[in-house]
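You will see two complexes here that share chain A, one where it goes with chain B and one where it goes with chain C.
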Partner chain A sequence: MRRSLKHRRNNASPLGSHTSRAIAILALLFWGACPNFLFAQLPNLPSQLSNQPLEDGKENSVEQLKRKVEQIQKQYQKELSELQERLGSVEKRQSTLSDELGQSVKLGGYGLVAFEDFRDRKTTYAGKMELLISGQFHDRIRFYSEIDLGVPHGTSEVEQGYVDLLLTQAFNFRAGVLLTPFGKFNLDHFDPRQDLTDRPVVARRITPTTWSDLGVGAFGLVPLGDSLKATYDIQVINGLTDKFTALSQGGALGSSTGGVVAQDIGLRDARTGLRTDNNGNKAVVGRGTLKFLDQYEVGVSGYRGAYKETSNDQIVGTSLDAEFRPRGVPFWEDFVFKAEYARFDIENSSAPSSLWGYYAQINYRFWPAFLNSTVMGRHFSNPALTLVGRYGYARINTAAVSDGKLTENTTVIGLNYRPVQNYVIKVEYQFNSGQLERKSLDGFLASVSWLF
Partner chain B sequence: MRWLANSFRSLLTSCLLLALVGSTSCSTYQNLVVYQSDTALIALGELPAGYPSLGPNRHPYTIDPKKLLTLLEPLEYREGSFLPFAWVQPRRVFTMSQGKMLAQELPKALGMALPQEVAAFTVADEENPDRRTKGFTFIVGDELHLILEELRKPSYLGEQKTYQPQAHGWELIPGNSQRLYTSRPEGKGTVPHWVICPLKP
Partner chain C sequence: MSASRNTNRRRSTSLIAFLALALWLCSTIAQAESIAVIVNKNNPSEPLRQVAVADMYHGETLNWPNGERIKLVNREISAPVRKQFYERVLNAKSDEVFYRQGTPIPVQSVIERSDEAVVNFVATIEGAIGYVSLSNLKKIGSDQVKVILIVESP
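After this line comes the complex of A and B, so read on.
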């Protein structure tokens, strides 16, 4: 524009000075007559001429800035994705490391101190300390050990010490000192997990809990549907021996209530104590379960094995157990029902010839809201009280007594308090009648047990 | 006192019979698969028996995948260390890609769900595909409930006996404004595998 104006000026036709003056005067007059027009136009003309390049420059700057922002954004996104990748790989490494650390080895244990006061007997404390070591030294090889530290007997012993080769869900291999899969109570015998201090009479006099032995076995889980699954655990072990206690201490019993029944009458002394097999014939023991909705469990166990050193006479055992833990059902979800039956028949033995017994138990878990503000509830997120009732019966058929049998009936009513799941204070009262262990002495028991 | 023992024995027998009869009346439910891949499965179905009924769920429910991602991705858990009473560093429940996949697919499931249904999910671990994380989500009121039944559990392990106390123990760590479900009034009875996330501020 400027160039064209200049061009116009330079190339203006040569007018005479008069003419120029006249034009100049006319122009001045016109300017004076129409100042608004001129003010309106004249300032605008040079403004338009000078702003256009400025806007162009601004547009260029904005474009440049946009490009720069885009570049920065792209770079930022690239760096962010790199960081995310790195974070992901770090998380994976952390995850793997945590798995390895978490699975390598775990230490734990449980303990019990119990007080008992039975009529006509001295009060006493009893106790138990067990060490638990478990872990994995490969993703598919795990070990588990439960070591009784020898309280109160003074001799520590391995109750469990096995290693698992995890092959498939349905078939896995186990070897070592194995907890014998006969009845549920023997498998689930940890004191802090139980709601009463005393074990059921069937688990003491008939099934010799805690019962473990050297051997090998297989176990697995077979899903039978969305809600139903079956499990099995079968073992070949050294088996029970003929060292079971048949008679009373200090001579034969004259009557069903006379004499002193040996403390470990029954099969408790027939356990091998992890010694070598007395007869070379291995025993087979196993338990199968059906679990419905993970709430209703029914188990069947069997045992068969020679027990004498020189003959093939067998001990044959069977057991049935059930445990119902209704969940999500109003009212019933606070209850747990348990029951177990066990029987052993001993070939060519008269003292004892057979043993059997059972127990049934009901637990009611509750927590009154008014206890939340007390010391029992204030500091704990999940405290609970459990009211427990159990009835148990055991019978040992033996020719060592005139009646031909020794029996025991036990009814227990108890209450326990768990501020946390793995610490429990229990109190209970027993009504007993019979000739075994507690005889007809009623009594009070209390205990504190813990698991970590 | 003997009458008390005898009465108790009768009561116990009755209760056991009732429980046995009750157990046979449970029904099963057919699940509807919403999403399935080599590493994940999302299906609609009823919450398995054993969980308390919180009333009809607010389904179908529309939830923004981005919102769900902000809830799932930062969710952490802690597990027991090799030493008693010690916990290892908290870890994310879902990896980034698991979180994205779930945030993408779960809203579709929740958008189709009936009031009595929940969205069940199973995702395989990226590093070890034979480990899986399994759980349920559903909406009650304006809150998302997330229950984890299994966390990176090896599928070959089979039955994890609950009476083996050394088994893999873990608990969810609720984030800001989140909380664990409690089964009893006044915040008692916390369930460590069940987290509740408010969807509205």
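After this line comes the complex of A and C, so read on.
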């Protein structure tokens, strides 16, 4: 038993010593080969594990890593700035492309919702929605359309739909459904561009705004000096017919906002409505302007055309208009002055024989600073309030009434708020006297209109 | 006694009024900066007159003499440089909208939010024209674009 134990001890002991030696050799080899690696991976080893060469190696590694990080940062910055540059370039090209696309076809529109409350009449809402489509299908050919969507009357119609051949600054050719260049108001009739809801009586009963017709024309601009420019717009159109009205039947008269409409007294019903000409004679209409310093504009318009089916009797019209926007003049630069006069004479007609009228308007634009901190100003970069005063007069000479004339004069005081240029809320009060449209009924109007 | 007091008061009032006026004038002059009108470096146009630049922004001139379409660059409505450019070059308020000759079509322009962005755009796009404050252009570096008009401060 003792022998067997001894034998077992003798047998085990050489194997154990060999194993121990092998483990010791491997440990030494491992220790000698990888100490730096081990210390680099374990920076927080207890102090008894570190020694001077290890610390030097550690610092070198940190320095190397720092240099690498700096290199990577530099490379990254370089690549980032290159990418930003490329992105900027792409954005600009995209912007130009969208600009080009915008030039090609642009869809827009304008709308109006108006409320009116006139003494002894029921209150009403009226509205207007118009679609605007413009664009260029060649660098020198552009088109423009304004389509009334028929709110509230239910019948849509083209108010403008023409194509321009752009030849030179001084001469360009236009054809299609043309806005008649007679007076400034007819050409600039968009509701959001106006400062009062109601149009002046002269622009409704004398000049039948919105007045457009089928035809062809030419327009251009001629510089007469650094500060003076002349423009012209001349058209050959079907022209007015003999469907004008001197006296309303039934007494109810029209409203430009569509509120109370029965029969359109004046020249409104004489418009062709884009039908074919009632006679073979074409009418000629045109407007010329002089613009001084791009602030003061004076315009002269003329119209001449046969109106009957069977004779050559003429309607002859003239108009004068002015618009002053003083700039750089302290105090006055916040004012705008507008005025327009129009007259039509009808040959061989007694009801009516002639029609004329005018309006004068003054706008004062302001913005009190305290409103900047309110909801009216907080979210907008350039909001404005405009105080407006207008006086208008119209007269229709007609044998249909005993004293030979129908007149109306209107004084309007209004205020409007524009948070941005193309959105406006208007309120106004009218003082009316006469027999044409509002008669002697005073009333309140308010509207919201927008353009995009 | 009271007459001399009145005279003194009047003098003081005049002095204060004069100082206020001088201060206002100084602040007005200090606010006004020279404006540089810039175009792309490859634009062959010679230096332009102020009227010619105004005609472009008014929508009356649509093409460069070489036939390329003019691409207008504007700053946002609230930018001081736009206000000055509109007042001094276009005779208009900074939010005024111009229309293409004989139409109700608004003149279109690219709106950039900084002078640097205007310079970058004009430097990238041939046919572009923009305006920046002259002092900013010097900081940004005018070698990327061509200065075609300088509107001096009044």
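Everything below uses one rule, namely that the second predicted complex is superposed on the first by the 338 of 452 C-alpha atoms of A that agree within 3 Å, B and C clash if a C-alpha of one lies under 4 Å from a C-alpha of the other, contacts with A are read in each partner's own complex, and residues count from 1 in each chain.
Here is the rule we go by: a residue touches a chain if its C-beta (ideal position, glycine included) is under 8 Å from a C-beta of that chain, and two chains touch if they have at least 3 such contacts.
For clarity, every value in this text was computed on a predicted model and none was experimentally measured.
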Could you classify chain B and chain C on chain A, in the superposed arrangement, as clash or fit? clash
Go through the superposed model and pick first if A:89 touches only chain B, second if only chain C, both, or neither. second
If you stack the two complexes on chain A, which partner ends up touching A:337: first (chain B), second (chain C), both, or neither? first
Give the label of whichever partner, chain B or chain C, reaches more residues of chain A. B
Partner chain in contact with A:431 - chain B first, chain C second, else both or neither: first
Who does A:309 touch here: chain B (first), chain C (second), both, or neither? neither
Tell me the contact category for A:169 with respect to chain B and chain C: first, second, both or neither. both
Which partner does A:327 reach: the first (chain B), the second (chain C), both, or neither? both
Answer with first, second, both or neither: which of chain B and chain C does A:293 touch in the superposed model? both
Considering only the touch criterion stated at the top, classify A:231 as touching first (chain B), second (chain C), both, or neither. both
Where on chain A do chain B and chain C both make contact? 88, 92, 95-96, 99, 102, 106, 132, 134, 139, 144, 166, 169, 172, 188, 190, 219-221, 226, 229, 231, 293-295, 327-328, 333, 381-382
In the complex, chain A touches chain C at residues 88-89, 92-93, 95-96, 99, 102-103, 106, 132, 134, 139, 142, 144, 146, 164, 166, 169, 172, 174, 188, 190, 219-221, 223, 226, 229, 231, 233, 293-295, 327-328, 333, 381-382, 421
Which of the residues in chain B come into contact with chain A in the complex? 1-2, 4-5, 8-9, 11-13, 15-16, 19-20, 22-23, 26, 28, 31, 47-53, 79-85, 88-89, 91-92, 95-96, 126-128, 152, 154-159, 161, 163-166, 168, 182, 184-190
Across the complex, what residues on chain A touch chain B? 84, 87-88, 91-92, 94-96, 98-99, 101-102, 104-110, 132, 134-135, 139-140, 144, 166-170, 172, 187-188, 190, 193, 219-221, 225-227, 229, 231, 292-296, 322, 324, 326-329, 332-333, 335, 337, 339, 360-362, 367, 369, 372, 377, 380-384, 389-391, 409, 411, 413, 422, 431, 442, 451-452
Please name which positions on chain C make contact with chain A in the complex. 49, 51, 54-55, 58, 60-63, 69, 71, 76-78, 87, 90-95, 97, 101-105, 108, 110, 120-121, 124-125
